[in-house]
Every structure is written in C-alpha cells, then in structure tokens.
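Two complexes, one shared chain (chain A), two partners (chain B, chain C).
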Partner chain A sequence: MTQRIRAFLLVSPAMLLLVVFFAALTTVLSMSVRNTAGDFTFANYIRFASDAHFLGYLWRSIRVACYVTLVALIAGYPIAYVMSRGSRRFASIITLALAIQFFSIYVIKMYGWMLMLGNNGVINRFLKFIGLTDAPVRLMYNELGVAIGLFASALPLMVFPISSVLQNVSSRYEEAANGLGATPLQAFFRITLPLSAPGVVGGAVLSYVFCFTAYLTPSLLGGSIFKMIGNLIYDQAMVGFNYGLAGTAAVVTLLMSLLVVFGINSLGGRLLPGGTR
Partner chain B sequence: MSAANARRRDPLYPIFAGISIVVLLWVVAPLIVTFFSAFSATTNASFPPEGFSLRWFRNVFEIDEFKTPFYRSIALAVISGFCAMTLGTLSALALTKYRFRGSEAIDALLMSPLIVPQVIIGLSFLIFVSRMQFTGKFTVLVVLHCVLTLPYAVRVIRASLTRVGRSLEEAAIGLGASPVKAFFLVTLPQIKAGIFAASFFCFVISFDNFTATAFLSQSNSTLPVEIYFYIETRVDPTISAIAALMMLGTTTFVLLIDRMVGVNRIT
Partner chain C sequence: MKQISMIKIAAKTAICAVVAGLLGGALPAHAQEKPLVFMTWGGVWQKTFTELAKEYEAKTKQPVTVIAQGAGEAGVARLIAQKANPEIDIWSTNMVNYERAKKEGVIAAIDKAAIPNIAMINKSLVFSHGVTGWVSLRGIFYRKDLVPFEPKKWEDLWDPRLKGKMAAPAASFDPGYFPTMAALLSGGNEKNLAPGFAKLKQLRPSVVTFYTNNVQSIRLLEAGEVGLIAWGILPNVISYIKPGSNYGFVVPEKPLLVAETPITLVANNPRQKQAEKFLDFLLSESSQNVMAEAFGAMPANNKAKGPEVVQTILKNLDNSYPMDYGHMAANMSEIISQYDREVIQ
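After this line comes the complex of A and B, so read on.
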C-alpha cells in the first residue's frame, strides 16, 4: 500500500501536466459541438460531411498517406534489413546517415526539398543539363511535391521500428529454413518477413498517421494547389478564427487516425502469422 | 564469421544493400544541397553553388529577424527540457521501482502525447489558452513543449533504469543509506549516460518542433516558425546558412548520442 502511495506521489507532477493536456483536448471536442452562441449542436459536423470542399481535404490526405506509407515500406524494409544483417561497419554508416536525416530540423528538410524540386532547382537543372527537358518540369506546388516531401520524413519512421524488431530476430531461423531446403526467397517471405511483422505494423502506423496529419509539408511543397486536412485545421483556426469548424476537422482527423491504427494492427495480425501485438 | 558467410550466401542482401544506398542518397541529397548552397556568392540558393563566399553566414548574425527567435527557441528548449526531464525521471522511477495496480494505465497516459497528432495538440492548446484568456504567453509554449517531450524523457530514462537494475541501490539502502541518498549517490551516477541522452533528445524535439508550436507563436515565434514564414515568401542563401549551422549541430548531436548510448537505442 505504501508502495502505491509513493509511486503515485512520484508520478503526480507528470499527471498534473497531462491533466492540462487532456483539458486542452476536451476543449476541442466541446468547441466542435457548439455554435457561436454556445448552444449544443452538430451543425459543424453536418456542414463538414455535406461539403465536397471539406471532404476533398480528407480524401487527398487519406490517398497521399496510403501510397506514401506503401512506398516507404517498400523502400524502407531493405534499409532496416541491412541495418540488422549487414556488416557492423556498413550497418552503422547506414544507421547514422538515417539518424542524421531524421533528427535534422523539419523546416530545414523541407527547405532542402524546395531547393531540389523548384523550377530552377537541382533536379530541373540536372534534367536540362543532360538534355532531357527544355522547359522546367513541375515538381513542386502539386501532389507529387507533397508526396516526395512526406516520403523523406516518413522513411525513418518506417525503418526504425522494423530494424529494432529485425535485430531481435536471429538469422539462425533463416539459416534453418535454408538448411531444410527453402530457397532464400522462400526463407525471406515465409520466415523473416512474418517474424518482423510487429515492426512493419508499428512503422506503417507511425508513417500513415504522420502523413495523414501533416501540415508543414503540404503548405511548403503543395502551396495553394494541394492542401491537406492539416492545412484545413490550421487555416480555419488561424486565418478564419472558426474554432468550431477547426475543432470538427480535428476530431474527424483524430478518429480517422485511431481507426487506421486499429485497422492496420488487426490487418497485420490477420495477414501475417507473426503479426500479433 | 558465420554472419559474414550468411551474408555472402544471401542473394537478397546485395539487392537490399543497393536499394538502401540509393534511397538514403535520395533522402540525404536535399541536406547536402542545402549545406553547399549556403556558400553561394550570388543571391541564388542554388546547387552547384555559384562562386564561393561566406557572406550569408555573416548575414545570419547581422539580421535581427532571426536573432530573437533563435534565443527564444534555445530558452524554450532548455526550460521545457529541464521540466520534462524532472517530471520524466520521477515518473520513470515510479514505474521501475514499484509494482502497483494502475501502472499500465499510467504508462499509457505518459505516452499519450505521442499518439495524438501534433496539429491537434497545437489546436487544442490554442483554443484552451484563448478560453483561459492566457494568449501570447511564453509559459504556454513551455507547457506545450513539456507535454511534447515528456514521453521521450520517460522512455529513455526508464530504459536505462531497467538496464542497471536495482541491486546496487538496495545494497546501499541495506547498508544504511536513505532512499533519497541512495538514488543520488548510487542510481543517478549509473544512469548518467541515459540522462544526458534524454536531455539532448528533449532539447532537439523541442527546438525542432514546428507543427504544434505554429498555432501558438504569433507574438512569440520560435526559430522554425520564423524560418517557415521567411521561406514561404522567398528563398535566399541566408536560410541555407542557418540550415548549414543547424545541420552541424544535428550531426554533432547524433554522433555524440551514438558514442554515449548508441543511436539505435533512442530511435
């Protein structure tokens, strides 16, 4: 009993902070179900669900988040594999490069992509230099630019969970499969990949939620052409001062994120034998 | 040696290694481009840079636009990091030292700021403080950043507490030290590396944060927010110079963490 009291005393300062956090979260919910006069109403939700303009934000965000996560998985899995199976030297170089990219200031990373993708950017200069194009190709202020920027930020979120799981999966299982006559490809798809499923599920959740709720990347690389749900929340709150509608969009975003978290979790558990949490 | 042999026989390994190198070069390329564009002699932040000059670096220190946000970001990261570390250490101690009912719920609560998307955290703080008539205060940013960094502090410190175990501390208490004394003289020195790593980590998370902070920093803009408003309208090598300096900071941070606790422990 005294143990319990001591423990609660130790966590109480942190709990106090989290009370503020949850109080703040609750105000979003309560704002979203009130009109400007303060009466209870679902008007904001009805307006959101019946307006194609608002639903467009949602659809674009879901679409980009889905395929960026898929590409990040395909591009990221090999990195995680090399980080856990490569020679110590090579693995640590790869890990450090990814960690430096991951910890670089987010705004700076996106500025870097602006330098890469702009009309006078590195890629367009290169394409012109090798004579592939005459006029600059539009790589920014559209969906492609946003997807490229999101991919770069989502990649480490995908790789680190997978590599930490793979590090604990002994390569002896693969060797045993090989010894029992499996081809290396069979061993990979039937042993290694299923055993790393918890990492894949974790990485997919982090990557999806990050992309779905992104705000900075679409506003710098999508401009006014390609805006996502994060932009809607920000613009409604900061430009339109419409906290009710911003709150509604936020509640919808949170619910849809949670839905996907549970969805990916159960899908991962169903499809892959090792994928239970 | 068997691992090296396994790699040699694994036909997937060279393919995966090749993909890794290409993908990593792709995501690191913008950082390299940004770094070198800072040395441009012209007003174009382009790569390869046109000419060579250090004038954009001088520009960074001369224009006031970024000076105040820079100091504000530093102060914010230090203060909120210190608070989060204090709260986080106490919570991590409770979770590792004591077995009690509800500890799993408390653990989940401590990690909850990681689950809620940052736009929503930012919006909720904005609405909350405007209802409390508390807008525009630096304190609000401190509280926000405490919330954002607390889960990381708890996680890193908890991991290092678990690793050192409790036997030495129990021995000290058995030999007559008070629990508080045993913590400061025995446990703390053992988790020093973890504390350093967690502090750096909190600092970087706070210093880097844009998405949640953008909702609260009209009058109190932090460095990332200021940079955002600057590059929304124009691109010039001043930002590249700031970026180059910050990249040096990030690289030092990652290498230092790697030396102290191993970078794969905290990612």
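After this line comes the complex of A and C, so read on.
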C-alpha cells in the first residue's frame, strides 16, 4: 500500500499536466465544432476545407516546414558529425555558438535578422558597397525571409539530437569497415548514417513541428505578406474572436503535425533499416 | 518506519493547508482594504495610471493596483474567462473590444449619477457601458528625409511618388480602421468596405511591408526601411514629433478618424462603488491633464487641455467620423479575412 501511494504521488504531477493539456485540447476541439450560437456544426471545417485562402495558409506552412527541415538536415548533419568526431575544443565552440543561438530570446533573434535582411540592412548595404547591386535585394517581407529566420532557429533543433546520438556511435565501427575494404563514404552511408537514424528522425520531427507551427517569424520577417497557419489561428482567435474557425485551424494543424511525425518516423525506419530500433 | 512517518507528516500538512484555505475563504471580505485592480496597456499607460493610483490612494486611502493587459483583445479574453468571479475592477480598452465586452456581458452599465465628472465629458464620448478616458489620434507618420513630399491628406498615400516607400497596417493592427478610411474615400463606409478594399488594392504596389504592432512600425521608419507609415497612432510616436524633428505626423481631416478609449467598470463586481469613485477621479480635470500629456492624446474632459504638440496637429474633434464599432466588432473575423485575401496576399 505504501508503495502504491508513493508511486501515485510520483506520477500525479505528470498526470495533472496531462489532464490539463487534454482539457485544453478538448476545449479547442469543442470550439471548432460550434457556431457563434453554441450549436454543434461542422460548418467551420467545411468552410476551412473549401476556401482556397485558408488552405493556402496550410499549404504554405507544410511547404516551408518541409524544405527548411531538409536544408537544416543537410546543413546540420555535418555540424553534428564534426561536433561528435572533431576535437573537443572545436566541438565546444560549435556547441556554445548553437546554444547561444538556441537560448537567446526569440524576438531579439528575429529583430536581429531584420537588421541583417532589411532593404536598408547589413547585407543589402554590403552588396551596394561592393557594387553588386544598385537597388536593394528583397530578402525580407517574403517567403525567403521567413525561411531564413526559421532555418536559423531550427538548426540547433536538428543538430543537438543528431550529435547526441552520434556521440554514442563508436568511431571504431567506421575503422572496422575501412579495415574490411569500405571507403569512408561507404562506411558512412552503410554504418554511421543508419546508426544515427534516431537522432535524424528526432531532429527532423522537432524542426518540422517548430517550422510548421511558427507564428512570430512569419509575422516579423514575412511582413504579414507571407503568413502561415499560426498567423491565421492568432488573427481569427485574438483579433476576429472567431474561436470556431481558429479552433478548426488548430485541430487541422495538430492532425497534420501528428501525421507528419508518424510519417517521418516510418520513413526513417524504412530508409535506414536497423537504425531506428 | 521513517517512510510511514514522512507520509503521515505530509498528509497532516496537506489537511492543515486545506482547512486553512477553507477558513480563509469563509472569513468576511474586507473590500475597502483590498486594492482595486485597473487593467490597461503596458508601457506609458501603466506607468501613468500607477502614478495616478498613488495620488488617489494618498487622498482616499483606497489602494489601486494597475496591471498590463498586453493587446486589447487579450484584455477582453481575460474578462470573459473571469466572468463569474472577476479579479479586475476597471478596464481601459478600445471601442471594438468595448463592443465585444458589452455583448459578452463582462462590463457594467454606467450610473452617471455616481460619477459626477461625467458632466464635464462631451456627450459623444459617454457610452452606455463606458466613458472615454482619452482620445487617441490616427494619421500618417513619416520621415521628412525619406519622402518626396510631406503628406497632408489620406489621398496622398496613393501618390505614385510614394511607390515602394511605405508600410501599411496588417489586418490585426487597429483592425477595421484602415479599410474604413479607404472605404470612406471611395463612397463606402465601415458597413460597406468593398470600395475600401478595392482602393487599398491600388495602394499595394507602394507598400513594402505590413506591420502588426507599433514598435515594428516605428522600427521600420527608424531603420529607413520605409519613409512613411500609412496608419500611425499618435500617442506611440509623440516623442518623435518635436520642432525641428526629422519626423512628421499629420492627422488628415477628411475623414477624421479618431480612437475613443473608453474606461469601463467590470460587471458582477462587489466593489463597483469603489470602482466608480476611481473612475470619477480619472475623469477629473487634473487627471485628464496628466493622461493627455503622458499619452500625447486629446483629453475627454472639456476643461482639460491636451499637450501643445497635439493642439498644433488637431484643434478639436468636431468633425470626427462616428464609427459603428458594434458592426465592426460583430464582423471582425470577416473583415480581417477579406483584408488578407484582397489587399495583402
């Protein structure tokens, strides 16, 4: 009996959190199937699914999240590899740089990017100074600016999981493969990459979900011209007070995120057999 | 044995805490000693009202706590969430959220007899469930060195010389006002915004970006990203408007669009009498002078004077357009969707 009580006391804070979490989700779901009079209806879902304007938010979010995650993977994997295989000092410097990037206040980061990417920003001034352009290059207030901002924030989310898995993959496996006649590239693709699959999958999931549900980055760097699903949810809930439509968009976002997480996990298991188990 | 006694101690402590909580709740409330809670915007608004609250407490012994609400929409959402048991006593907001709050039943009807200073307020600034605390002006904010000419009227925004030089408000910024301005120029109004959206579509090539908050709009101008903010809020930029300044602010008068800022009393509130007295204090000439000066706004009290810089920008509110805020509040979801769809995207 004492052990039972102890176990219950240990688990109860987490259970309370879960209860609150699911209560909030249930509230959002309930709002999505009600009209302004409080009657049950699927009208919000029908409206969302049949309006190209609202579907556009969803499509833009999926598109940007996909390619930003891919670019973060391509750029992040080598960084993670160097962090796990390189010299300790070099690894520490990279870790510190990424940690500063990760833990700095998000709004300040985005304002920093605005100073870099603006028409009168650092990059455009430099391009003008070296004579490469006369007029500013449009790096912000569009999809490019949003993608750059999201990539910068998603990179640590990709690198850290891969690095932590790679650190547990002994380099002796690669040495053994080399000893048996495999080239370094063959050793990497046949041994290291499959074994790092859990980190790749984890990083991809974190990056994708982060990018897919972004609000502040498209708001600041997109100039309200390139808006994503998070912006629609905020505008409809907080400005339009249309909780039905906002709830619908939120539920669709959640379902899409779960679908993609499941898809990434499955894909990771198929493309990298033996690596995710 | 040790584990059993620890669990016993923990259980006894928990029981004591529950009993103390029940007893505390059962004790009669001393409404007079408990501070009134006034919810307003942060920054200069919270700071100014905190100073006024200290003055009020010194005179009446009634403490007042001033808290920030973030965006106005967050304020009304909070009141709705607390409807059965409000923690806020007095609330300042904008007219759209005022209408929303009135519809939700979270603000109380004003008893004019209980607030004598209402007699000093222009009748058009007194509403059924709130009294205007100050009037915030709207206009065009610009940098003189970055625009080819100094704008004087709303129509100047469509001047081709301003192509690529301006930022305009996003749908969520001061929602509904900007398309209403464009509609009024095109034979429409807030109930018929279609002409306004068509007119704003013509403005699109001139717009570099759309801003969602005041800080962003000011930053765009400071950084030289744009030369002109198409919809500026004077109180937020008043510190930039000085003689000899590189910044200018014009309040076009056709149409003259202003934002009344009602102060309201929260409904279902056992301290309504105390809240009414504090509201009366805020409507007094001296408080109104302080507020107008701090906010760069026009006072609501007829005897109070606004800051000189505001008086040079606009003499009086006689010709201000009477917006149907109730209609805007009821249709805001569609307005912002249409604005995004037809103007921005």
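Definition applied: the second predicted complex is superposed on the first by the 268 of 277 C-alpha atoms of A that agree within 3 Å, B and C clash if a C-alpha of one lies under 4 Å from a C-alpha of the other, contacts with A are read in each partner's own complex, and residues count from 1 in each chain.
We adopt the following convention: a residue touches a chain if its C-beta (ideal position, glycine included) is under 8 Å from a C-beta of that chain, and two chains touch if they have at least 3 such contacts.
From a predicted model like this one, the values you see are computed outputs, not experimental measurements.
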{"item": "Combined model on chain A where chain B meets chain C, clash or fit", "value": "clash"}
{"item": "Which superposed partner A:Leu180 touches (first chain B, second chain C, both, neither)", "value": "neither"}
{"item": "Partner, of chain C and chain B, that touches more residues belonging to chain A", "value": "B"}
{"item": "Touched partner set for A:Gly118, first chain B, second chain C, both or neither", "value": "both"}
{"item": "Contacts of A:Ser224 with chain B and chain C, given as first, second, both or neither", "value": "second"}
{"item": "Contacts of A:Met238 with chain B and chain C, given as first, second, both or neither", "value": "both"}
{"item": "Contacts of A:Ser171 with chain B and chain C, given as first, second, both or neither", "value": "first"}
{"item": "Which of chain B and chain C A:Leu17 touches, first, second, both or neither", "value": "first"}
{"item": "Chain B versus chain C as contact partner of A:Tyr81, first or second or both or neither", "value": "first"}
{"item": "Partner chain(s) touched by A:Ser257 [first = chain B, second = chain C, both, neither]", "value": "first"}
{"item": "Partner chain in contact with A:Gly56 - chain B first, chain C second, else both or neither", "value": "second"}
{"item": "Clash with chain C, by chain B stretch, listed 5-13, 95-103, 113-121 or 131-139", "value": "131-139"}
{"item": "Intersection of chain A interface sets (partners chain B, chain C)", "value": "6, 111, 114-115, 118, 120, 219-220, 234, 238"}
{"item": "Chain A-touching residues of chain C, taken from the complex the two chains share", "value": "3-4, 7, 71, 73-74, 77, 100, 170-172, 175, 208-212, 216, 219, 223-225, 329, 332-337, 340-341, 344-345"}
{"item": "Residues of chain A touching chain B in the complex", "value": "3-4, 6-8, 10-11, 13-15, 17-18, 20-21, 23-25, 27-28, 31, 75-79, 81-83, 85-87, 90, 94-109, 111-116, 118, 120, 122, 125, 151-152, 155-156, 160, 163-164, 167, 171, 174-175, 178, 184-185, 188, 209, 212-213, 215-216, 219-220, 230, 233-234, 237-238, 243, 246-247, 250, 253-254, 257, 261"}
{"item": "Touch list for chain B against partner chain A, complex", "value": "3-4, 6-7, 9-13, 15-17, 19-20, 23-24, 26-31, 33-34, 37, 44-47, 86-88, 90-91, 93-95, 97-101, 103, 106, 109-110, 112-113, 115-121, 123-128, 130-131, 143, 146-147, 150, 154, 204, 207-208, 210-211, 214-215, 224, 227-228, 231-232, 235, 239-240, 242-243, 246-247, 250-251, 253-255, 258, 263-264, 267"}
{"item": "Interfacial residue positions of chain A with respect to chain C in the complex", "value": "2, 5-6, 53, 56, 111, 114-115, 118-121, 140-141, 219-220, 223-225, 227, 234-236, 238-242, 245"}
